[in-house]
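So that you can tell them apart, the chains are marked A, B, C and D in the order they are listed, and the count of residues begins at 1 in each.
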Amino acid sequence: MIEKLSNAQIAWRAAQDIADGAYVNLGIGFPEMVAKFQPPGREAIFHTENGILNFGEAPPEGEEDWDLINAGKKAVTLKPGASFFHHADSFAMVRGGHLDVAILGAYEVAETGDLANWSTGPQGIPAVGGAMDLVHGAKRVAVITDHVTRDGKPKLVKACSLPLTGVACVTRVYTSLAVIDIENARFVLREKLACMSLDELQALTGAELLVQGTIGELIVPEL
Amino acid sequence: MIEKLSNAQIAWRAAQDIADGAYVNLGIGFPEMVAKFQPPGREAIFHTENGILNFGEAPPEGEEDWDLINAGKKAVTLKPGASFFHHADSFAMVRGGHLDVAILGAYEVAETGDLANWSTGPQGIPAVGGAMDLVHGAKRVAVITDHVTRDGKPKLVKACSLPLTGVACVTRVYTSLAVIDIENARFVLREKLACMSLDELQALTGAELLVQGTIGELIVPEL
Amino acid sequence: MDKTVADPASAVADIADGMSIMIGGFGGSGAPIELIHALIDRFHATGSPKNLTIINNNAGNGRIGIAAMIDAGMVATMVCSFPRSADPRAFTEKYLAGEIALELVPQGTLAERIRAGGAGIPAFYTPTSYGTDLAKGKPTAEFDGRMYVQERWLKADVAIIKAELADRMGNLTYRKAGRNFSPLMAAAANVTIVQARQIVEPGNIDPEQVITPGLYVTRVVEVADAQQEEALMRAGVAYA
Amino acid sequence: MDKTVADPASAVADIADGMSIMIGGFGGSGAPIELIHALIDRFHATGSPKNLTIINNNAGNGRIGIAAMIDAGMVATMVCSFPRSADPRAFTEKYLAGEIALELVPQGTLAERIRAGGAGIPAFYTPTSYGTDLAKGKPTAEFDGRMYVQERWLKADVAIIKAELADRMGNLTYRKAGRNFSPLMAAAANVTIVQARQIVEPGNIDPEQVITPGLYVTRVVEVADAQQEEALMRAGVAYA
């Protein structure tokens, strides 16, 4: 049994690639966790779609200000140098390419960079939020995700079967097993867990993993 | 010799049609004069393209603040309830139909409502400013002008000979001799100086003046 | 010039059956609860307004605010980006029963369409949604080698929003992230109705700090101790 | 994060031949005179930068600021709405001699094109200029029975602008109508260079009052006693 990374560990790994001074949007839910793992000495500035730049952690329970929330409707705080702006200005930042990184969750990522993360199909209530804007805005669009579904099916696929969030938008995927870049519409394996062979990883991946040069070891602390 | 209205008198007449509480943009130059003749008890709010709403008169000489100017680059003051905004927001007000009245000067106005007021032809330096935006934004676009050119040629014409500022945009013209509406691509005479016959006025006008009902007398105080 | 009115009921008195209403707020942040509840009160008393199209980022939460409008049966169509919430049952039940229509719009496109409505821009191109189900049927075009979707402006009969300070000419400031869609909606509606925490005299808001200039505002009502949707929801309040 | 630099010369040191530069200001209001003059100083010392495309509402006044850049022969193309001024001789002489190109853009379209450049909107439709010479060659389209002109976004290599307060993260406020095009340009350029009257620590500008968030700003230089173009012009100053 391979010991895959926990969500916190995936988030930690993604956080290591955020440069000092980067402007970053973290999707609601699991991606929000990335903020906790900023390397010491680096200062990322977090953007939330509902009009705040440079927000910080959640306030203590009972001290929430419900006019000061993030896109996930969770209470946040402000850091020095924060600003407020309206929704059109907020998405001008997104769509205009002013964010350095957006990190999103995924149902499926295709080797073409297509992302499906907003709809599991025609049943249920569709809800898209800001995901379709984020995938076409940030300079780098990364996904954090378990490598496979709960049923063990690949989430990294040749072509998405679910409704798309965006076409050819994802450039890096951090999974519970590997770090994979998307280049020229192919998955390029950058890092994998040492305890796992390339063949084992390939068997859990729905499209071919290219190897270019050495494959790094995916090393993440206990969290 | 007909005693035509002075520019101040034309501006006075135009000012009488500005309702209490109206949001108004006055073109640079002659139209700026309209602000001086607001009827007592009425409060118009003046907009300038460079990002001020509710500005007031010029400050005393020597007390100018050159960051507080109007579109004509003249120093102005603020009234209580003023606001500043950037140029895109300023023209959103214009283009979005949020101004009640824009009053502009003219080289020519056609009976179709076409306006030419920005270019006298290919020679010289072309300069358009905000005129092309204003004619497609305000709920009511009015022109103030001498009835004829310095050479005595009609400025109210069947079709403009000079480069257009906008097509079918003017709805009322205040001239030195008359007040004329543009309706269904025709000039409709509303008021004229009492000292002048309809035939005399028609002779100075480049397209037919329709009469609908009574023609009011254009009465303006000495100014 | 005095745009103030006495109470929420008179502020929203002319909202009629079949109108489209932009409602400010993102979740509970900036939601004009008292104006919404004044509409619900009138509906219960008179049967109007109903058959409304509501434009908001979300589709209500719990049993207050927009959710309570939906529960009451006032809403025919929701235009929103994210009709989910901590407690989405009001919308979910009506939607699954086929009793409410949904126009789902990506959040940035929703904001930009409303901004375009206020700014006199009838259409614009965005990369957002290109190649997805939400772009189906929309014109597309290539600019500089990249594909874009044409989106249309969005306007409404009425906007109801919440401000922090207002002066009697309608100049507004907002509170923190409560700003969100409200300045855009104020510009995109024929009639803009504002509840403000405090109404001050003109001149008492610094002209540099006005976010919504008064020309976008039709009327203003002071609601000093406004309720907060999130707090009501967490307290389990149902407005009916 | 510290975006401050020591002086105007180092702030503009990487502006190179052939670049497009958006320059904030409307007439003298908000014009970043010290940054412009730093560019002129470098041109006189080194012959660079030249062959520039300058985007501004106007085309200079008197013999200072943009007019002095034109006089010096640094400017190949002006993109503006109104190349007239109290003393327009710098532009006028070069234009009539065929030594400078002019792209004339209606003022609201200029603002919206720059806004679109910053907002990732490659094209939009406006009623402005429909049926006029300035719409020639541009696509048109009908929406809801009215005709509109398609306009493209406008971006630049560099923006140089003037702010009132800046913090070292680049958050900005402006002074009165000096705001004009600057917030738009800050978002539409690859590199945004700011001269601010005062640089403060992050946290010393109220987040509600930030007009340009720091993510649009590349570097900031404090110019405490900035010169005013209009005052210089009236004093007959020539910068060379």
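Rule of thumb we're sticking to: a contact is a pair of C-beta atoms (placed from the backbone, for glycine too) under 8 Å apart; a residue touches a chain by one contact, two chains touch by 3 or more.
If you want to know which protein each chain is, UniProt gives these names: A, B = 3-oxoacid CoA-transferase; C, D = 3-oxoadipate CoA-transferase.
All figures in this text were calculated on a predicted structure; none of them were measured in a lab.
Colleague: Hopping along touching chains only, can you work out the least number of steps from subunit A (3-oxoacid CoA-transferase) to subunit C (3-oxoadipate CoA-transferase)?
Modeller: So the least number of steps between the two chains is 1.
Colleague: Return the distance between the CA-based centres of subunit C (3-oxoadipate CoA-transferase) and subunit D (3-oxoadipate CoA-transferase), expressed in whole Å.
Modeller: 35
Colleague: With chain centres taken as the means of their Cα atoms, state the distance from subunit B (3-oxoacid CoA-transferase) to subunit D (3-oxoadipate CoA-transferase) in Å.
Modeller: 30
Colleague: Enumerate the residues of subunit A (3-oxoacid CoA-transferase) that touch no fewer than two other chains.
Modeller: Each of 52, 84-85, 88, 91, 94-95, 136-137 in subunit A (3-oxoacid CoA-transferase) touches at least two other chains.
Colleague: What residues in subunit D (3-oxoadipate CoA-transferase) touch two or more of the other chains?
Modeller: Subunit D (3-oxoadipate CoA-transferase), residues with two or more chain partners: 112, 115, 119-121, 126-127, 174, 176, 207-208.
Colleague: Just spell out which pairs of chains touch, all of them.
Modeller: A-C, A-D, B-C, B-D, C-D
Colleague: Which residues of subunit B (3-oxoacid CoA-transferase) touch subunit C (3-oxoadipate CoA-transferase) in their complex?
Modeller: Of all residues in subunit B (3-oxoacid CoA-transferase), those touching subunit C (3-oxoadipate CoA-transferase) are 20-21, 23, 43, 45, 47, 52-54, 78-85, 88, 91-99, 136-137.
Colleague: Could you pull out which subunit D (3-oxoadipate CoA-transferase) residues touch subunit C (3-oxoadipate CoA-transferase) in their complex?
Modeller: 112, 116, 119-127, 141, 143-144, 146, 148, 152, 173-174, 176, 207-209
Colleague: Under the stated contact criterion, what part of subunit A (3-oxoacid CoA-transferase) meets subunit C (3-oxoadipate CoA-transferase) in this complex?
Modeller: Residue positions touching the partner: 48-52, 64-69, 73, 84-88, 90-91, 94-95, 114, 119, 125-133, 136-137, 163-167.
Colleague: Give every residue of subunit C (3-oxoadipate CoA-transferase) touching subunit B (3-oxoacid CoA-transferase) within the complex, in rising order.
Modeller: Per the touch definition, subunit C (3-oxoadipate CoA-transferase) meets subunit B (3-oxoacid CoA-transferase) at residues 1, 115, 117-121, 167, 169, 171, 187, 201-203, 205, 207-208, 210, 213-216.
Colleague: Taking the touch rule as given, give the residues of subunit D (3-oxoadipate CoA-transferase) at its contact with subunit B (3-oxoacid CoA-transferase) in the complex, in rising order.
Modeller: For subunit D (3-oxoadipate CoA-transferase) paired with subunit B (3-oxoacid CoA-transferase), touching residues are 26-30, 57, 81-86, 88, 91-92, 95-96, 102, 104-112, 114-115, 126-134, 174-184, 211, 228-231.
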